[in-house]
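Below you'll find a set of structures to go through.
Shared between the two complexes below is chain A, which has chain B as its partner in the first and chain C in the second.
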Partner chain A sequence: MQQNPTPPRLTLRGITKQYPGCLANDDVHLDIAPAEIHALLGENGAGKSTLMKVIYGLVKPDKGEVLWDGLPIEVKDPAHARKMGIGMVFQHFSLFETLTVTENIALALGDDAGELEPLAIKIRTVSEKYGMAINPDREIHTLSVGERQRVEIVRCLVQNIKLLILDEPTSVLTPQEVDTLFITLRKLASEGCSILFISHKLNEVKALCHKATVLRAGRVSGECIPAEEDTTSMAKLMVGDDTPVSTTYPKRLGTSPLLSINDLTLHSPDPFGVHLKNINLTVNAGEIVGIAGVAGNGQEELLASLSGEHLCPVANTICFADTQVGSLPPDQRRQWGLGFVPEERLGRGAVPEMSLTENALLTGFLTGLVNNGMVAWKKAEAFADEIIDRYKVKAAGRHAQADSLSGGNLQKFIIGREIMQNPKILIAAHPTWGVDIGAATAIHKALITLRDQGAAILVVSEDIDELFLISDRIGAICDGALSPIKPTPESSIQELGRMMAGDFEQPANERSAAL
Partner chain B sequence: MDIDLITNILYAMIRTGTPLLIVALGELVCEKSGVLNLGQEGMMLMGAVVGFIVTLLSGSLLLGFILAMVAGVLMSLIFGLITMELSANQVATGLALTIFGTGLSAFVGSEFVGKPIEGLDPVFIPVLTDLPIIGRMLFGQDLVVYLSFILFGAVYWFINYSRPGLILKAVGENPHAANAIGLPVFKTRYLAIIFGGAMAGLAGGYLSLAYTPLWAENMTAGRGWIALALVVFASWKAERVLLGAWLFGLASILHLVFQGLGFSVSPNLLAMLPYLATVVVLVILSSNQTRSRLVAPMSLGNPFHARG
Partner chain C sequence: MIKLEPRGERSSTMAYLSPVLAALLTMFTGLILFTLLGVDPIEALITILYVPVSDTHGIAELCVKTAPILLCAIGLSVVFKAKIWNIGAEGQLLMGGLFGSYIALQLTETEGFWVLPVVLIAGVLGGMFWSGIAALLKVRFNTNEILTTIMMNYIALNILLWAVHGPLKDPEGFNFPESALFGDSALLPILIEDTRVHFGMALALLAVVAVWVLMSRSFYGFQIKVMGMDAGAARLSGFKEKRLVYFALLLSGGLAGLAGVGEVTGPIGQLIPQISPGYGYAAIIVAFLGRLHPVGILLASLLMALLYMGGEMAQISLGLPLALTGLFQGMLLFYLLACDVLITFRIRLKPRKVPPSSPLPSLASETQG
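After this line comes the complex of A and B, so read on.
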């Protein structure tokens, strides 16, 4: 590599960034050659986000140098980065929902955007050229998550782009969509564009990337060529030697039905919502059922009807064992023994402005933390401390506000809070979303333990690897309809991918079929 | 009802609606950027008193109007500094600004109460002014009314067709995303706040220099609040602000109309109409989740902290 006469597209030398109480980047070096797809691997809080914000001019490093095509440069702000040819696709999309695709892209292009009509034509051409067609006249709020990501990518492609940064781009896509994205990225790289692919999914990095730089606790812990490594060795670089990285869990068959959904059809009040269509599902005591699906296919609505946020018109559409709970509000379902981990952490899972103790109390009040209407603060604090301790939640303490925690740490806290109440039924949406490998393993183990104690667990997730790892039975939801649920060993990623795309016959109600 | 009465009602409707239109256009732009400034009333009062004093002392209406706008801008800058630099709560700051403006204008203007000035005269346009019914309404007004037509056109075009207008909407919807793609969030919000201040000052000046050419304590009589309601009533659309301002103008002269027709209805009851209309619109808007989600600027009232 040293004989390479052309300088790297981008070089970082000794980048250091200190935040109050946290050294986000510590002497980080990175080289990305032209036409190279470079992976930046690391767990949550390893410093990936800070590093890419440095590259994109959103954060000024305390120390260190950035070289662009071999020349030192200071990236002043995102507009400057864009002028240099750096494009960025954020994990949380920076799109404006009430504006059209063209307007969104025009905004990002700055003064170079020109008139909207020629731009719309250009968007159409570019998006088709790279195999991800989008209609430039649609308003963003009408698009699916996958389509929004395309808008973000096309937004970078209509400019003269030399370096494309993607932050965890596959977390919102179906396996098929991931394949399409990879084809696009490879084509882009073959035309000379460098790509920085930020991820913690080792299989994807192995499949796509030419080189990888691994960050751990703000420092570069290693560099490798992913194709020549196996995923375990890369995982070791990410998490260090002391954390076990790959495990399999024994599959179980449950005993008797604990959660059953019977012919659940629910009309969503939101015109952009998904209507649930005749859903039938049984989760037995002592098993984990996993439901895959691309975001926005009815997961939210299904979860809302199970938690009690949306009540069902007919009480027996949802039963906990023999109790009909379809028309019971959330607190009564919890009293029965329901634990619930919602998709939205801030707002549904936790109150952002409240402390961890108060948030622990919010669903933990049934476990003796409230006596005759009075809060037992000592117990509540002890409960919060125990969650923080057992699930290794990184926080300033039990007094920390929920919104001061990083997403992954708050997720650990919420999951911990629910599991530690020993629910009979646990419904968890995206249980390890944004959580690092070490903590994800801990959450998985806790779920398995809970299952082995006889709880019925329903996991709704977009992470297929996770579903195959922990589910005893697996299925998918698409456009408000639920696929048949199969024992995990009899299913495959390909089959599940087809189901996520809606390729299945919806099963009839087991009870009514039996009659 | 005879033609003359209708002509006069329409004329008075526009005249009464003009200060509402001007201040509401300013607030519309301000809210589009995600900033809720409840200080309209205070800024208007400061505009009114400064405009009046300047004109009284200098004899120049033009200078009066200009300094009325300057006064509005200075007031809005106080709001801007507190909410933008210090990230204070916009609602509390806006309320404080109104209270401050009410008190300060009364203090500054105490010696000028009841003094007479020569107000702004209407400017007639040949032929057009003589058109039946709408002639007087649209073309028999003073220059500030004509200016308000132009301002409406400019704001309408700006919001719907210009690139800076697109940036304004983007910042108001999601300032963090706007910042991430390199749009100037602070600058946009400041400019929107300043525009709002200038418009409030102008509207205040209109009251004390043209509408009723004199200064009286608290002479805006709640028009700043009506303008705030008006922006909601208009569901943040410029064309509906225009319509609403004139409708609210009509509502506030209705008691005169009824008098003319021989009814007697308490003017206090009629004065409620704009607010009642706003509540009705709010109920209609919020009865539909999607509409209420998409219609208001999404970050309205949320301070923006640059991260990093």
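After this line comes the complex of A and C, so read on.
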């Protein structure tokens, strides 16, 4: 099979995939050599996911060719891909909570799994060899997100693997965990395995990858060697020339507390939920407080207690200025002046099948859009128009259904809707998750403007860079407990990473008094 | 090869076309069925769909049959919008009839303009009482309302049968399972002279307008729609979920109860065991056939009433079984659900396999999507 110099492990030629109303991949070319760590860069919606699904046999391209070790091949389905030596770690894990590591891997391998005993031994050896120690006998629900990812990777490694595809693997990890993952990946590559690393985080790509292919709107917008580029030039390839890619905002510190959480301890009704432990937090007027954390560490529970979806048993655990709101329902908190941007844009922030006008009414109903129980549709339409206009929401108009908007535009609409109600307190969860850079910048600016008008803003996000960019004070949540909050300039990514991992160790001793 | 392909967005044309298509397919299947039964299919179709309404008397009877279906269906459109699946309009209708009859029988000797309203209100309360139980079970114990409302249909029927065979039986009725005739004050006035069209039809039309205003103009209706489409968004906005569940179920139960009391105080005039030939069940089909929209429901309930009359007509003049009505209702719903697939999918006729080495045809298909 050895032709002239080693052929690339994988070659894609002219891959094109059309979805109804969206050309996901347009004539995409890609080469990955053996032992190469190749980055696939691009914003959300650039076509990365479709391309990797083509490689993994989940999607059939309309046009184009796939070459494996220099030979044309048609990947029929994921089972076929696995046989060829392609392993894939999805962004959302497909693990059964109540089964053990070994059982999960055996299920994924199907007939190739063999007996459980030898498989468990193999899992242990492979995971130790690559510095990703996991206990094969543990049940998945006892594992952290980082450990679950290891299970997914080990699942690929116990087979004879030649190409490992990782979809945004670092989005669920602390900075320290990211470092460990990179060591594993480098070791794997040095043994000849090719790695396709899908990401939109430029620093990581620069640190890890040998080569990069950048996608924009379904097309290859450029190829580069990340080590020789700076992040700005790669960002330009990702977003095009007309979008500003980096800004800094002056930091402020507020004085008068607007939002305070006092000894909030809340038991989660969900069997796999996180219990909130003794959370204390103050957000002052005119500042943004950022809370970092790996997903599933109590963010949802904290946010639900702030929005009023979960009521607190004691009213004074949550206060807006001097008002005790812990036991008030969401609409009464809004009446006081709370704005809330939930994590899920569709299906909490906005009703997918409703028009933008109706979605403006969804939380705007307290601002004079309802008279004597009747909706003032003319006013609601005007309100929707104003949001669309002021926040430059690209939509077919106020009649457009919410789910017809791109993620970024819908997020701009939701944030605009909340900000235009002049909230005294704004709580935003993952405000730029899955949003393109242009929209993210617009959203950040809107938040900063609101801050400068004197609102207290709490941002919960998994994106550390974002938090350092916009927060005036910063902290992390881990396993339902909140770290001390520090002024951002006095903190560092390393320190925040430790806090995300639950290491709240502090020189000061007020903390121990509070606990 | 026929292939279903996602459209990417909902087709609003198909949303309106689908009920029409379903009606046509039902008719077409009907034609085949009649042929197999050895009846002239065209004659049968005319008998079912035209003869019943070929004169003013027929049209009047159509209105009489439409009123209860329309009342039940318009109420159901509200709960269905909230994604609460009340299958119990039949039971709520029967309870409305029973409650109304009980009050009417207490007042047979009484005269006064207030008698009828009191009887009607009793009927509404009967329906609300019956759907309220389902609402309570749903809100308090998270019970599945599909199951509770279906079960309560049978309970309602048996209570009604017990009442009409027992306490409410006419003592001078030669032991027939019927109540005494209601007093004149408790009967719905006739709207059009020399027909049976009674005030119930006006009430039904009024209900259509009221529900239309509720759902398209009021904030309460908006909240019901949001709760149905996206419970998470409703909760985050602070809409009172439990209150909305009660409201929607009580409203639909009340309207079904009104339909029931409208039957006993209208065309029937007393309590009998068979006050409904399944209007409450037919209303479910009507609500969906009418796209949960007031105008659509009005048209669909006229069609459903026609099917009831046509079924009877076919039995009388062609000797076809009465089960025909149920069969047509079922087919209608079946075809509607099938056609609704076309709202989000389109049918593509594809040649079996395009040879991979011919770029031209594939290019042509590329530029289309």
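What we mean here is this: the second predicted complex is superposed on the first by the 434 of 515 C-alpha atoms of A that agree within 3 Å, B and C clash if a C-alpha of one lies under 4 Å from a C-alpha of the other, contacts with A are read in each partner's own complex, and residues count from 1 in each chain.
Just so we're on the same page, contacts are C-beta pairs under 8 Å (C-beta built on N, C-alpha and C of every residue); 3 or more make two chains touch, one makes a residue touch a chain.
The shown structure was predicted, so the numbers you read here are calculated from the model rather than taken from an experiment.
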> Looking at the overlay, does A:350 come into contact with chain B only (first), chain C only (second), both, or neither?
Replying inline: second
> Which partner reaches more residues of chain A, chain B or chain C?
Replying inline: C
> Looking at the overlay, what does A:141 touch: chain B (first), chain C (second), both, or neither?
Replying inline: first
>> Just checking: does A:94 make contact with chain B only, chain C only, both, or neither of them? Give me first, second, both or neither.
In response: first
>> For A:110 in the superposed arrangement: first (chain B), second (chain C), both or neither?
In response: first
>> Quick check for you: in the superposed arrangement, does A:182 touch first (chain B), second (chain C), both or neither?
In response: neither
> Hey, what residues of chain A end up touching chain B and chain C alike?
Replying inline: none
> Which part of chain A faces chain B closely enough to touch in the complex?
Replying inline: 53, 58-60, 77-82, 88, 90, 93-99, 103, 106-108, 110, 113, 141, 269-272
> If you look only at chain B, which of its residues touch chain A in the complex?
Replying inline: 163, 166-167, 169-170, 173-174, 176-183, 289-290, 294, 298, 307-308
> If you look only at chain C, which of its residues touch chain A in the complex?
Replying inline: 5-10, 217-220, 222, 225-226, 229-230, 232-233, 235-240, 359, 362, 366, 369
>> Per the contact definition, I'd like the list of chain A residues that touch chain C in the complex.
In response: 16, 18-22, 62-63, 307-309, 329-334, 340, 342, 344, 347-354, 358, 361-363, 365, 370, 373-375, 377, 401, 404
